[in-house]
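After this come two complexes, each holding chain A, first together with chain B and then together with chain C.
Right after this comes the complex of A and B.
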């Protein structure tokens, strides 16, 4: 069954524009990234693979430790591995900056 | 053209395919992913939705003329058409018809890459396919309606019916066009009828080259953005007639195997 996870991280850097990357296909995910107004980042993950909340927390924590950007992120996941998720996040940020 | 120099169309996402078909800098998406018009039915059935429902509608120009490209993404649920994606396509056809009637034609390209209707939304999806067929029949009275089948999936199921109604049908060598997909044929009629793991066989009976030779398509193209762009522009400026249907001998794998063995000087 689908699991919906939410996360929040403190953030202070801004981004220029919104970005859309990826696709909901096997081993892949879609990311919608938009600038946030308040100094924090909010992430909503919808995933077809349940039980990996800790892994998502770790992947996102590492991303925001390196890039403290204030953004709203929505991820539609179809079984992407942590490496694929990290690359998609970097790709989205690069498009938004 | 050398494979290395060709810029692949099939390897692009639906959005990038639409961008590639429209004149440079003219791409403007309607109902983009941030509008979040995704399928409301999938999550309840345990399937993660995509924010554009796998269908991209983009305005712009083709050859300097107002245009609209509809592109489906074969990677999301096999490019299946649900209620939202189907409504986007039917809506684009309706607006193009109104434009043509007003004397300001919009060139409409259906860049389809789809396994057909989405079974999770079966009835609603079938309804949109009938609306799409209606839209194509009405628009082709006024101007060419171009179907471009140049993706990895091709076109199967209900949307293959819609494709057949288009007045200009461009297929690539790598694409496939058929009503029932290979898996469906194997399940329904047995592995003797169709072995869905036999890729050469699938392309020999539903591949773009065969469909063109049979008279089901107006143009055959290679997987090259420049070649495909030129073919799309030509389809509007010098539309072609579909030739008569030409029956092609059904390839019998056993005969081919025997011929191969004889060529190897082995008695089959």
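Right after this comes the complex of A and C.
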């Protein structure tokens, strides 16, 4: 069962380009990040592990608190730990800036 | 008054006399093993069984589990690792009713059940060196069952690379008139090397098959992920480079294997070769091969051997301790002593950490123990030699001062399947209570921990001025666990300014660099190549 979660965060910084990091593999995740147009961030998470909406919310809220970037993000998750997700988000951002 | 002062010696002679008909030149036959044990062992004896975390006296433990419990019962078992099913059978059958041990990883669940059912009483869960020490004080064995590769006609034993704790058990038993029984893989005219003098050995039996041994320290680089590499980079920059750590111990695990594998790449680029990580106390980890081959490592002393590493170690006698026969000489007691007193740093992982940095791998329903970690992860108050790293742990400029061992806990904030590593309260507290232990089974006490490293950064706990600041530093790197979400962002900034917390960017660690191209070897096959074909991995690690 794939669970789909969506989140939105206020943002004010832009990024230069799109980025694709991570891999489709167990315990890992794939992240597509691209500049948003409307000054907000929108995130769609598709995860193979359901019941962790609160953890996703916390990971993303922390990321956008530190990096208020206006981006659209798609995450395809295959049971990645919060550490893997955070690292992939930071990596995607480093590549997009 | 005519007091007898040699009762132990006479008791030993009486026991050995009972089996004289079954023994020739110290040897008895494998088929007589159960009878011999039944005749020699008396109810209530303290019996030390060599079941350490690698080599197992499994022939003798199987024989012991087959004795008649009507004759042999209520033994007090001394065993460093409860690792085999028949160890538990000793409790199930009533052969042993008390146990003192260090680790029970594979049998931790069944052990907890035996304790709950009242079949066995746990004296204490020790660290290895502590258990060995008690063999010489209040837990001296009456009988010991040990394992070796070879015996000669005089009872000399050869243990090859896997000497481990055999000499310690034999010494404690033999010199207080206990009975030492060795199972060997074969009898030879002349031992390849004498690891245990025949004087200490009473009886020898050739086992039905060679002793069991597990490749416990092999980690396949294939399974190391980017997060582990990021944490390894943090450790190298934020701890090894910063404190100039030269002597150290690495626990078992993928986290520390990642560190070993980025020394020849990342560490080399930082110009650290020869400056840090020169003297090691650890088993021959295959993942250390690239660092050794790149000239990082001056010495390695080992607790035990590692399957497949025999030829490689034998070919590197400048680095490893080896005998005249060429093979590794390991010794768990000396290596634990070395890890306690002679190393500047211990780094290892755990399953749970509380807000005061107490850590434990104990979880509800399992009595697992901790092996060497409590010893290696503790500050030796008796240390009197100084080093740069040791002195860095103190800020005192008093006339009289002491340094401190660097004790690092290296963890992801969550484990796979979403279980948080940072917890309000260790499961160990409830486990200890339900098992009736006088103290909770804590692996490493928080006041011994100087650094905690997660994917979020490093908490330099030794720099915290009080308990409140310590907790804040730990929370700052605890991610989105409940503890981490309690961190105050402004306070975290202040802690970063003060150098009590460091995030990757504070240390110049770039997350985009944290990927597998940084690993000097990315597979077991790469390790074999690094070793010039000398490393011979066990089958289960061969994918080609």
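One rule holds for everything that comes next: the second predicted complex is superposed on the first by the 97 of 97 C-alpha atoms of A that agree within 3 Å, B and C clash if a C-alpha of one lies under 4 Å from a C-alpha of the other, contacts with A are read in each partner's own complex, and residues count from 1 in each chain.
Everything below uses one rule, namely that a contact is a pair of C-beta atoms (placed from the backbone, for glycine too) under 8 Å apart; a residue touches a chain by one contact, two chains touch by 3 or more.
Keep in mind that this is a model prediction, so the values were computed, not measured.
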Which superposed partner A:42 touches (first chain B, second chain C, both, neither): neither
Partner chain in contact with A:59 - chain B first, chain C second, else both or neither: second
Contacts of A:5 with chain B and chain C, given as first, second, both or neither: neither
Residues of chain A contacting chain B in one complex and chain C in the other: 28
Chain A residues touching chain B - in the complex, by the definition given at the top: 1-2, 18, 20, 23-25, 28, 30, 32, 34, 46-48, 74, 76-78
Residue ranges of chain C touching chain A (in the complex, touch as defined): 225-227, 230, 412-418, 454-456, 479-480, 485, 489, 510-512, 514
Of all residues in chain B, those that touch chain A in their complex: 13, 32-34, 43, 46-51, 73, 75-77
Residues of chain A defined as touching chain C within the complex: 27-28, 49, 52, 55, 58-59, 62, 65, 79, 81-84, 86-87, 90-91, 94-95
